[in-house]
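So, here come the structures, one by one.
Two complexes, one shared chain (subunit A), two partners (subunit B, subunit C).
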Partner chain A sequence: MSTERKLLVVKDLATTFHTPSGPLAAVGGVSFDLNQNETLGIVGESGSGKTVLSRTIMGLQPRNNVEVSGSVLLNGFEVVGASEKEKRSIWGLEVAMIFQDPMTSLNPVMRIGKQIDEILRVRLGMDRQAAKAKAIDLLDLVGISSPAERYNVFPGELSGGMRQRVVIATALAGSPKLLMADEPTTGLDVTIQAQILNLLEELKERMQMSVVLVTHDLGVVATRTSRIIVMYAGRIVEMGSTREVFARHRMPYTRALLEGSPKVSNPSHTRLLAIPGRPPNMLNLPKGCSFAPRCSFATDRCREERPELEAASEPGHTFACWNPLPVKERASA
Partner chain B sequence: MSDSTQPLLKVRDLTVTFGSHRRKLSAVAGISFDIYEGETLGLVGESGCGKSTTGKALMRIVEPSSGTIELEGIELTTKKGKDLRNFRTRMQMIFQDPISSLNPRRRVKDIVAEPLDCWKTVEGAEREALVNDLLSKVGIDPVAYGDRYARQFSGGQCQRISIARSLAMRPKLLICDEMVSALDVSVQAQILNLLEDLKAEYGLTLLFIAHDLAVVKNVSDRVAVMYLGKICEIGPSDTLYESPEHPYTKFLLGAALEADPDSPIHGDVLSGEPPSPMNPPSGCRFRTRCPNATDKCANEEPQLVEIATGHQVACHYPLSTLARK
Partner chain C sequence: MLIVIVFIITVGAFYLIHLLPGDPAVVILGTGDSPANRAKLYRQLGLNKPILEQYFVWIKNVVRGNLGTSFISQTSVWSTIKTALPIDVEIIFLSQILAFAVAIPTAMRSARKPDGWLDRILSAGSFTLLSIPSFVMIVLLVLFVAIKLGIPHTGPSSYISLSADWIGNLESLALPSFTLAVGSYVVYYRVLRSDLIATLQEEFITMARSKGISQRRIMWRHAFRPSTVALLGTAGVNIGGLLAGGFIVQYLLSIPGLGYTLIASIGRSDYLVVQGVVLVVSVGVILINFAFDIVINIVDPRISRE
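Moving on to the complex of A and B:
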């Protein structure tokens, strides 16, 4: 086992919303940890709980009708159950988040420089002048040219890629140790996505951060993370080093996700591995394995009893499945 | 496969201009291409480069400002009224947003029958049978779901219903605009496989518009790349992906990430962002971001020329000629 100090330890985390149609277990039984300076990817289809999990780790939940249990230990700070005031002491400094929709994370009627200033003044207690100088530095750091002039523009005057750079600058203002990036490049063009991903990687090294990269884009996780978590219906169904999970996944849904996505290297008219159906209704989850209604390997046991994560051969690789795929031969190097 | 005879669709110097006077914008700035019977032509490029406008201009949902569109040898841009509508049944378009492109208050069967009802081609039991057949073909049980309303369906199912509707008039050409972009991976695979099956069964020819380079590679025989309203390269998909000739194509493909940890990460990353289409650069539209640009590129607009059989590129210095130097 690694002796590195864990920056983040999540144990048995569950987030349930009380909706008019009944309880919705958006996240359940989630446990994992994260090392310093590591990039962890979280993948899964729409509605699998990626955003709710990220927000729960941050301690950001709606005020009412939600129940969180389990533990999120962030650099020694227990997030679950902490008061708003206590959490404010870590937001921006220990952990910061890039939200899925860049338009909602910037205030449209406030100049971009002022938005960064505000964080620096409120969180770091800087004075006006120092904050402005630091804000301009940050804009420069995220690759915005003529930062002193751009300091005064409104978000609407920037392209999507530029806005995302500003969002990154606001997140990094307090030099957080952990950056939660929820779909940071979704909706951006590929060439702009490449710029943003390079920027994140460079900043991660420079600032010695850990990054949790949430995405449904398998190309992004494959090439930009060292470890991944695969989620289905609010639970982790497989987890391990990125290389191992791509090469030797054991859980059938992971296979469908990885092998069902088109590849640039495929010849024209490649038949894709397609599974029937669609992700389950979260208000009405099946009793056993949530994937059972779509799984061609499902047996009675799968429909009755939920499989827990168990260890695969490589340390750190776990999967939840009663009838796992056979272990693939390791290519002899 | 492309067949050397007459193309099914022949587009020449197509332009679409929005706005007027000083706020004029050429969303499509003079493009020419052919689509052959039975093939799939992919159309890629980044946001705002004019892909959807091209598709809509072919359908005459937006009016072309100039240029010609010939379908099966018949010029369409001059057609009007009933004549035009007649031709529209030969081409159908499927859009990105599956849910909003269907009327939520109509029953699925009636949505699929919309074109049939509009043209009154079939009625009564025959109509019913045709609709049921179409729904079964796209994997929706007509008995269980035919009477439900569109709003009760997921994105993937709505896209199946859109496909069924588009096939009702037995079109020759199907224009798919980002038809799987809003779908989850596991559902996307189902729809792409379905599209391939129906293409074979109905003898369809496809214009497949998408920004996802992997998706386009999987379905297309040939691919055209657009940048700021122009086609910069067009060729057989394998050749184009393996040895692109236009610098923009190379950057675009280089930015696409393969879902494989052993694949190389981004090589050279294109810097900057596309200029405004209101005010495009002189000469080659890519020159402001092109590492190979010279004075000639600013002064002379490169035309699309054939560099190998079926492979055309609009660049003064195609990459293979640079490599040879």
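Moving on to the complex of A and C:
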């Protein structure tokens, strides 16, 4: 595997927040890479560190009381340790983000057109006319009808789905090579979710982008990603091609996530299996495997010693578990 | 709404003046004159009628646009107000320009790093200023600034009108404007600082950051405008308060604005001038707040939509 072809190489990335109650390791020891034009899914429960991870990859973590270590090589640019000013050169143009909640991620007192063409004007130096024309094209591209009129509306005049389209248009304005989509459909109605995801997929092909799709919903990543990372308590617990992870996952947490997702093939009124217990307190992580307290397979070793990622049978598939599920066990999915 | 408020204020003011000790007849005729002459003057001026009737005579004239003529100085109340009001407007205007010019950049600096050393210094400084009342501030300014720089600061000739000499005018209004600016600054700084801090936590600021635009642009183009709603509301109330409460500064520096006129007229039992000033000030306060409400609606489109 040569590093040259990789758009993104993440090594031993750790993000620690200094909170009044002590250091909080939101992300720890994360390593993975991403090819050009690939879509990678990052999956985990709320609080598993996936949002922090996606922001740290961009270097967009809060400016105060945060410590980042490791390495993020984004198209040859080392993000970790770069100053805000240096990172500004890649933000918007190399990497852009689609935020989770379009109700809060758009400036409520700025016309949407101005929010889209800001990158064009400020970063690409386009003049007012050209930027406006491009912004209207972008609105059209993301499927907003009568884009010329919509250019002048405020976010409050649009529905959630429309706003998320505006957020996507804003992210695309600088033609980034990498698009970080942080739960892009969580704040939307179910009927709108598929539309937005399909739009993203279409735009990815059209604009030759790589996409990191962060979600808690395995259904979202199942058909739209080539690879999946499963996160728990700030660490990668399983990683592999989407097909492999769905079919031959080894980590009990991955299975629990799968069993917690509704499936069309289930008879109606099937009870979903909830994962017992709660995500761990990130300020006070268990000594061994973070999932051990909630895991029905946990042994003393799990509670004492943290498992590292190890290779499964298929290349590229790794998992962190002392008592992995047997390979022959096909996914109940 | 406006009419109801003005009615309540003017009725209240009318009664309160008549409760005060003092007698226009004594002011006009002197203390030595006979009671009979005073009674005659009372009848001439209509002061012998019940207060309620006096009020209705007055308000009827006001509605026709006539504020009356002062018993004491024999000049029309409206012309007295017309000469005094521009001074208030100018002082308030200057003080607000100054207050905003300092409050906005300092609040932005503070909000950039809340609880950083600069924020601590600015916050501590603003609290110190807050605890100095305007009448103390004026005395300190006269002592340490005006006397040293030779700025006119006392006596009836200290005010120079704008049309006569604009530099002299600015000099003569520098102290009162500065004093009022200090009080306004503290309030504006604190309100804007806390709103900016809250706005900078918003997700749309992170999104703006992710576009790779400068910190300065994020502050001015993204954070400032949504943080000004409380600031504008406060400014409306504050400016109204300055119009109504500017008399302390004006009186101490002998600046013949509305506040000064009001105090002087109360001392002379010049009922009609007091009434006229109260009317103009109360209408002014209401209009100022109304104007700021409109500005707030323009600044934040969310408000008018709700």
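Please note the rule applied: the second predicted complex is superposed on the first by the 317 of 333 C-alpha atoms of A that agree within 3 Å, B and C clash if a C-alpha of one lies under 4 Å from a C-alpha of the other, contacts with A are read in each partner's own complex, and residues count from 1 in each chain.
Keep this in mind: a contact is a pair of C-beta atoms (placed from the backbone, for glycine too) under 8 Å apart; a residue touches a chain by one contact, two chains touch by 3 or more.
Predicted model, so just to flag it, every value in this text is computed and none were measured.
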item: Combined model on subunit A where subunit B meets subunit C, clash or fit; value: fit
item: First (subunit B), second (subunit C), both or neither touched by A:Glu305; value: neither
item: Which of subunit B and subunit C A:Arg243 touches, first, second, both or neither; value: first
item: Touched partner set for A:Val167, first subunit B, second subunit C, both or neither; value: second
item: Of subunit C and subunit B, partner touching more subunit A residues; value: B
item: Subunit B versus subunit C as contact partner of A:Met58, first or second or both or neither; value: second
item: Contacts of A:Phe99 with subunit B and subunit C, given as first, second, both or neither; value: second
item: Touched partner set for A:Ser261, first subunit B, second subunit C, both or neither; value: first
item: Touching partner for A:Glu67 - first (subunit B), second (subunit C), both, neither; value: neither
item: Computed vertex angle (subunit A) for partners subunit B and subunit C, CA, steps of 10°; value: 80
item: Least C-alpha distance (whole Å) that remains between subunit C and subunit B when both complexes are overlaid; value: 14
item: Partner subunit C, residues of subunit A touching it in the complex; value: 55, 58, 60, 64, 84, 87-93, 96-97, 99-101, 104-110, 118-119, 122-123, 154, 156-157, 167, 170, 174
item: Contact footprint of subunit A on subunit C as seen in their complex; value: 113, 202-204, 206-215, 217, 221-222, 225-226, 299-302, 305
item: Residue ranges of subunit A touching subunit B (in the complex, touch as defined); value: 45-46, 159, 161-162, 189-195, 197-198, 216-224, 242-243, 246-247, 256-258, 260-276, 278-279, 294
item: Residue numbers on subunit B that touch subunit A, as the complex places them; value: 40, 46-47, 154, 156, 184-190, 192-193, 196, 211-215, 217-221, 237-238, 241, 251-263, 265-266, 269-271, 273
